[in-house]
Amino acid sequence: MTGFTPKDPDFHARVSADFAKQALMRTIGARLALVEAGRCEISMNKRDDLCQQHGFVHAGITTTLADTAAGYAALSLMPPGAEVLSTEFKINLMNPAAGQSFTARAEVLKPGRTLTVVRSDVWADNDGKRTLIASMLATMICLAGNQSARQ
Amino acid sequence: MTGFTPKDPDFHARVSADFAKQALMRTIGARLALVEAGRCEISMNKRDDLCQQHGFVHAGITTTLADTAAGYAALSLMPPGAEVLSTEFKINLMNPAAGQSFTARAEVLKPGRTLTVVRSDVWADNDGKRTLIASMLATMICLAGNQSARQ
Amino acid sequence: MTGFTPKDPDFHARVSADFAKQALMRTIGARLALVEAGRCEISMNKRDDLCQQHGFVHAGITTTLADTAAGYAALSLMPPGAEVLSTEFKINLMNPAAGQSFTARAEVLKPGRTLTVVRSDVWADNDGKRTLIASMLATMICLAGNQSARQ
Amino acid sequence: MTGFTPKDPDFHARVSADFAKQALMRTIGARLALVEAGRCEISMNKRDDLCQQHGFVHAGITTTLADTAAGYAALSLMPPGAEVLSTEFKINLMNPAAGQSFTARAEVLKPGRTLTVVRSDVWADNDGKRTLIASMLATMICLAGNQSARQ
């Protein structure tokens, strides 16, 4: 547990419903593996059609997992009706994305009324061995229900 | 033109061949639109299965385009036999990824024997209007042909 | 010119007054070299007491110049009474900070009611030759006059 | 302990000697508070001449602490004779830099022959209360003793 108190007791259902609306998550076969207050995990199996030229999962897909987990870790702490958008992130790709499956684990560092800072790490599982392949630092913005665009 | 002199006169063919090996590029329908010495453009049409919950293209896909263009802008200046890997990047998502098509334009800021710094911007085309939706700053690493892993 | 229309016709005086209140700028001998709508330049001479172990200006000082220029480029487009704070930035250090003087040039990429995205490059001047030593991508936040804290 | 095995048993002395050569560290009153294999802490007292316009320590100084700690965390794992340079970093400024003193704590995430990825957090101490004010993700490069310039 991160020690954060959610503003919306139904945060789990809200995050799950939002995740289900993301077409890209179905396209890449990602699943919501864990949702807690200020924390989220998203997992995905390796698929050849998501790889780059060396046969590893493409950095853009690793980033997609990390970013999506970061967004939902942030959303879990936002009030009812709020929506979340990524404003920016930075990711270091530390090891090749080689493995049978991948999990992004995101954790809120600082929740805020407008901006939430999140750390999100991606792990590869390869024959029972877990390797850290990437680490992200992201800023998420909270949009009230009636705002339709960024900022 | 960026004013850089390529170390490999066949850089265009090398980048094209490498791009063709990236399964993810076919999966998302991306095409190599331009390759020059130190510069690369990659384009993609909007597809609903690449969108997030608000119907915009997912930040992870915008990032995939920007990262891939950045990697090939860097590779165009590397010597024959070299391979390129992303070590890290940061991206600011400035406007919603709304449009009929998207183009990432990458340009090398600083080529180096080991590390190459690249700027990569992503534009949305929407009914003839072009909008800057994201800007990336990336570090690419050059691997000699006989190195199999990052670093 | 960046093509942005300032919301405050007195932006130049406002930026200058704010700069004058920054004790650190005096400490490192930085001067405000240019302020336009959406653009700012800050310069500094080399000083040995600002260097790192190899005799180059420390990356933290290069960053200080880039960040400060970015903040004022953003502030120049904000309404009267607004204050600016850095929420995050990323910088690539591309060449050693060697030279007689250094100039950070910042330009707004995307102004927003809450967040403004700014690019800021740092150049070294060495015997009449100008070298790009660093490039930053930053997010600035606009605080209305009555907000006292970040977010 | 981070679980890393140093390649140089004298890493502590080497880091201390290197730190002592950094003029900027004396200028801002920073001190090396801890050096372990893959970990480093640097502390500094608040000083008015290091502040920005709102009376908080300037983001550039917070960054200087975080970057320097990150560099020495990386250097502690490098072989004898190696030197370290920052290639890039990104920092999120989460809370105002208010307090009597500040400490950056850096920890290596991934050591490498060429590149080392480091996380570095900065804490403010204010009347016995410790607050996380910034988090950095940085890439450090190892230069062998005979290389004089970046890359």
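Going in written order, the chains are labelled A, B, C and D, and every chain counts its residues from 1.
FYI, a residue touches a chain if its C-beta (ideal position, glycine included) is under 8 Å from a C-beta of that chain, and two chains touch if they have at least 3 such contacts.
This one's a predicted model, so the numbers in the text were calculated from it and none came from an experiment.
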> Comparing residue numbers, which of A-C, C-D or A-D shares more than half of the contact pairs of B-C?
Replying inline: A-D
> Can you name the chain that lies farthest from chain B, using the mean of each chain's Cα atoms as its centre?
Replying inline: D
>> Going by the touch criterion at the top, tell me which pair is linked by more C-beta contacts: B-D or A-B.
In response: A-B
>> How many angstrom lie between the centres of chain B and chain D, each centre taken as the mean Cα position?
In response: 32
>> Nearest whole angstrom, what separates the Cα centre of chain A from the Cα centre of chain D?
In response: 28
> Just how far, in Å, is the C-alpha centre of chain B from the one of chain A?
Replying inline: 22
> Can you list the chain D residues in contact with two or more other chains?
Replying inline: 87-88, 90, 92, 94-95, 117, 137, 139, 150
> Which of the residues in chain C end up touching chain D in this complex?
Replying inline: 18-19, 21-24, 26-27, 48-54, 58-61, 63-65, 67-68, 83, 85-96, 149-150
>> Under the definition above, what is the set of chain C residues touching chain A in their complex?
In response: 87-88, 90, 112-115, 117, 137, 139, 141, 150-151
> Given the complex with chain A, which residues does chain D contribute to the contact?
Replying inline: 90, 92, 94-95, 109-110, 117, 119, 132, 135-137, 139
